[in-house]
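Next come two complexes built around chain A: one with chain B, the other with chain C.
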Partner chain A sequence: MLAYAIRRLLLLVPMAAGMVIVTFALLLMVPGDPAHVLLGPEATPDMIANLRASLGLDNPWYVRLWDYFAHLLQGDMGRSIFQNAPVSQIIAGRLGATIELAVVALLLATLIGMTLGVIAAMRQGSLIDTATMLLAQLGVSMPVYWMGLLLMLGFSVQLNWLPAIGRGAPLLDAFGAALTGRPQVLADSLMHILLPALALAAYSAAVISRLVRTSMLEVLREDFIRTAYAKGLRRPRVVIRHALRNALLPVLSVIGMQFGILLGGAVLVEQIFAWPGLGQLTIGAISQRDLPLVQGITLTFALTFAIINLIVDLLYAVVDPRVRLG
Partner chain B sequence: MKSLLLLATALGGLALLSPQAALAQDTKITIGTDVDAGTLDPRLTTDTTAYRTVDLIYAGLVTLTPSLEAKPDLAESWESPDPTTYIFHLRKGLKFSDGSPLTADDVVYTFTTITDPKFNAPDRGLYSPITKVEAVDPDTVKFTLNAPYAPLLSYLDKGIVSKAAAESGRDLATNPLGEGPMTLKNWTRGDNIELVANPNYWAGSPKVTDVVVKIVGDNSARAQAFEAGDLDVIQSPLSPNDIKRLEADTRFGNVIEAGLGVTYINFNTKDPLLADAGMRQAFSMLIDQNSIVNDIYQGVDKVATSIILPSSWAFSPDIKQPTFDVAGAVAKFNELGWKDTDGDGILDKDGKKLTVTIATHSEDPNRVQAVELEQAIFQSAGVDAKVQISDWPSFSTNYVMKSEHQIALLGWLNIVDPDRLLFNQLSTGGATNWGGYSNPEVDKLLQLGRSSLDQAARKDAYQKAAKILASDLPYYIISDQGYQLFYKKPFPVDVDVTPRGNFRGLIGMPK
Partner chain C sequence: MAAEQHSDSPPVIAVSDLTVEIRSDRGSYPVVADMALAVRPGETLCIVGESGCGKSMTALSLLRLLPEAARVTRGEILIDGEDLLAMNEHRVEDLRGERIAMIFQEPLTALNPVLTIGEQIAESVRQHRKVGHRAAMQRTLETLQLVQMPDAARRARQFPHELSGGMRQRAMIALALACDPRILVADEPTTALDVTIQAQILGLIEDLQQRLGTALILITHDLGVVAEVADRVVVMYAGRRVEEASVYELFDHPIHPYTLGLMGAIPRSVPGRSAAERLTDIAGTVPPPWDLPVGCAFAPRCPGASARCFAERPPFEEKRPGHFAACWEHVHD
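After this line comes the complex of A and B, so read on.
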């Protein structure tokens, strides 16, 4: 399994290189020029030419691509054109917020999705089943920004229970504060993250609940379940210990894929809830055509996604001893 | 839901009754805004958030009052011994926020860098008539111009940077050092900018001690965050729906007035189809100003009549662009040889169909809607109209600025002087004359308007130019943009805002 993990990690290198080239090509094709954006609408052509030269934008594409790789190998993602700071530093300051949001959303999605899925499967064909699957249908079909605005309208504007925008202290710090006798810090952080995480989780929760339901229905018909009942085990024990554990396998791989969807959704959710993460940064960077920053963010997203998937694959082997990695 | 609304209103009402005294001590305000500042170096600002934040961190020689008059700020007084010379007398004992002295050398340094082509200041064009800035003594600065330049004072509210700090390599874009009423405490990029009162401002500290500028990119989310109480102030741009709702809500105070921006149609006069002023007139008659302004923008903007803002001293109600008249437009097209000879509903001439592309950018859904409405109207008049929508950088840099457009819908902001919407835009070869318009008569009038120091002569020149432009139509002005600001009540200080949206009117400026 160690050899497998190492091989998968090595495969990240060509993947990252491919990612850089694809992003680079896309950015070459997209019209719009950072020098223009930086200088505003009243800039004259000679000012723009000056700035393009000093940013190295007038070099041919292969020189720029080569430069980028040469720097990347030394761990240098370049400097943001607009923020005049190293891209790696800017991303490092943002990545935590996005991962926190995505992880909390993933936990929420798994929790909600599994609960609803199991309940629906146990009461197949009942009103609860229909209601749950209707809810799932809603979750799958509602765009994430619309869900975000609705949640904000309900819980912040009308009920005034939760803050509409922003982030509290980082959750890890907040847990530390709670342990040292300042629980209000943790409460504040949780209240801030709840709405964006819920908006982000809705789609994944819906997907997971459908999958758990189908998978559970299949497993519940298996022989070993009947055997378990025959042994005289009680229903909750059969469902949780025997059925759910087996139904979890396909769910686990989907959860890995969902993380990618969550990272993508975070771009929109962060914009709505003013969550200071990478997603919000992405929108700004693209609309300003801050090329090195867009490159850096894409690469970071891709690597995060790849690593999460690797972890999920390794977990697969842990949950199911039949799976041999190698 | 209804009872919830009632409950919320009732609670809001209770909040209003709470004692004023307790709130008077709470002098932190959170202002919601749409974009992050690109830089906090006053010489390099291009976006509204940067302009407005820099205006708090820095001070200029003058400051503009809500009615856009120049009023002394760092300069105590000034004189103009001849039309091309301005002498400014600085206040005594000016200091930057770190306590270091501010002298005439800093003013000279600021404007020397702005006018230096290598420095790439986005606003350089506004200061191009300045040929020399020199320090007469530590408290006196002399500006020499190559020609009289009437709008100069309106542009001298530019913040003064510290020469010593800049030359020591301090990155003023991210770590500004100013002399204005507030100073930067913390800047989390893309999220918020936190400012605190600057006791070293020459007039003393403002009443508000903390200002947080919070970036909420989505217009509706920003309005909702304001209603939820997370923000104390929001302002344009807001969606028309939200404006109507907030305006009716008694929990909030509002300022709704004429702004300093226009939404307009840019005709590419170099395009073979649009080179003829007659064609531009015909197309202008197809612009349904009323529907765009009153239905799409729900009346938050006003129907424009000419290129001069109604709030300007140069405005005249007698100058009028063509108005919406489909039959008139078709008659005009026919007169110019465009007729539907093959009966397919589309006008044609010499075997070619009348085809035109209307473009705008995707960020403003109201502009997209306006363009779609116009497409339908164009088609009803027998014009085969195509629509092109792309994001702002693609639309501006790679399309309009390269003069590849035919008919484009966009806007100008910050028109503090008629010169600001005319000289660079419509003079022959002007830096932002993307439609390639050229008319020697207009050139002469615009030059006169900028160089005459006699207000009556300027007014006359601009009105004459506007009259020509109203029939020549390189621009067709659709609407004069409204400006809206909403604030929670009670607000800790008196609200005294300018249509430029600057924040100084929100912080209880020292008198």
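After this line comes the complex of A and C, so read on.
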């Protein structure tokens, strides 16, 4: 398993290289010139040409691509055109917030999705089943920004229970604070993250609940479930230990894919809830044509997604002994 | 087959009048009707019939494990004198695996793929005996050794897919025997196995049953198996008993044409004849349970059927001492 993990990690390198080339090509095709944006409408063609030369924008594309790769190998993602700081530093300052949001959303989605899915499967055809699946339909069809705005209107504006925008202390720090006798720091962090995480989780929770339901219904018809009952096991034990564990296998691989969707959704959710993460940064960078920053962010997203999927694949082997990695 | 040993003790399981119905879009129809059986400790009863004759449904109803669409509509299942059908769910769960256990046909699908053999057996032990983890594992190893699992300690830590078919069925038997059940129901326990392994597994079941004094109900379509292990035999056709007798009586004086047909269908090795030629099949197929004929269900396939056979169902009655059959054409001896 270790050898497999290492091999998969090494495979990330060509994947990342491909990712860089693709984003690079996309950005070449996008209209708009950062030098133009930077200098404003008053700029003369001369000034623009000078700036393009100093930013290296007038080099042919293969030179620029080569330069980018050469710097990447030294851990240098270039400098942001507008923020006058290294891209890696800007991203490092934001990445934590986005990962935190996505992970909390993923946990919420898994928890909600699995609970609803199991309940619906247990009571197939009942009112609970119908209601749950209706909810899931709603969750799948509702765009994440709309969900975010509704939650904000409901829980922040109308009920005034939760803060509408911003982020508390980073969760890891907040847990530390709670352990050293300041639980209000943790409470504040949790209250801030709840709404954006919920908005982000809704879609994934819906997808997971439908999948868990189908998967459970299938597994509950298996012979080994009958064997479990034949042993004299009680229903809850059969459902959780024998059925759910097997039903989780297809769900697990979907959870990995969902993480990618969560990262995409985070871009919108962060904008709505003023969450200081990569998503907010992305929107800013794109509208300013800050190419090095956009490239850096895209690469970061892609790597995060790939690593999460690697973790999911490894988990798969832990849950299903029939999977032999190699 | 020491029938004398157990002839005087009362039956541990006694079924009478059992009728199982299936509800579907075709409406309700019986898949088992007027079934009855009684088995004493150490005795082996074989239920024989083609697939779809209701023998598996009978077996499942003995543990109240019928699929959702099926239910017992009439009858009584007494386990040590206690009516299974009147019990609450918890009481049934206490009996399953403890008093009455089941061996399923296909051990690969009947065992949970993500739990080790040892975990699955120990789980049953812990459910019924209030013992800790270590004692349960100890009992698991004992049971695996009882079923002659090679290298038991290592196998206990393996998953079903890591075992051969024969070893999987040994594990299934160990699982069933883990809590010393008084009644063992085996539904085609050797059908999914290699021919060479079949005899081993059958021998193992028979040997353990004799040593432990278990009442064994063995479901099979194979009269060769019946001849090997049975004390008494019930032949089922289309959900009903058509013949019942001790194994010697049945093979010496078969009465029902269906039984005779089954006997003709036992493959025997005759030199110079191909396997296909050796197997005399019974012409036709079992009628579907939602479309049973009015009279004897076997009449359409019966070589000696008369007009009465098509009009009226024959009663299941004693034709010779201890030998019952349902057939119009056979007169009392």
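We take it that the second predicted complex is superposed on the first by the 326 of 326 C-alpha atoms of A that agree within 3 Å, B and C clash if a C-alpha of one lies under 4 Å from a C-alpha of the other, contacts with A are read in each partner's own complex, and residues count from 1 in each chain.
The rule we apply is simple: a residue touches a chain if its C-beta (ideal position, glycine included) is under 8 Å from a C-beta of that chain, and two chains touch if they have at least 3 such contacts.
Bear in mind that the values here come from a model prediction, so they are computed numbers and not experimental data.
**Q** Looking at A:Thr110 after the superposition, I want to know if it touches chain B, chain C, both of them or none. Which is it: first, second, both, neither?
**A** It touches nothing on chain B or chain C.
**Q** I'd like to know which partner A:Gln271 touches here: chain B for first, chain C for second, both or neither.
**A** In the superposition, A:Gln271 contacts chain B only.
**Q** Thinking of the overlay built on chain A, is A:Asn246 touched by chain B (first), by chain C (second), by both, or by neither?
**A** In the superposition, A:Asn246 touches chain C alone.
**Q** Is A:Asp223 touching the first partner chain B, the second partner chain C, both, or neither of them?
**A** Touch partner of A:Asp223: chain C, not chain B.
**Q** Please name which positions on chain A make contact with chain B in the complex.
**A** Going by the criterion above, the answer is residues 30-33, 36-47, 50-51, 82-85, 90, 93-94, 145, 148-149, 152-153, 156-160, 163-167, 271-274, 276, 280-281, 283-284, 287-289.
**Q** Spell out the residues on chain C that touch chain A in their complex, using ranges where they run on.
**A** 63, 65, 90, 93-98, 101-102, 104, 106, 109-115, 123-124, 127-128, 159, 161, 175
**Q** Flag every residue of chain A that touches chain C in the complex, lowest number first.
**A** For this pair, the touching residues of chain A are 222-224, 226-234, 241-242, 245-246, 319-322.
**Q** Tell me, which parts of chain B touch chain A in their complex?
**A** Where chain B meets chain A, its residues are 1, 4-5, 8, 11, 35-36, 38-39, 46-47, 117-118, 120, 122-126, 171, 173-174, 188-192, 214-218, 220-221, 224-225, 227-231, 363, 390-394, 396-399, 401, 424, 431-432.
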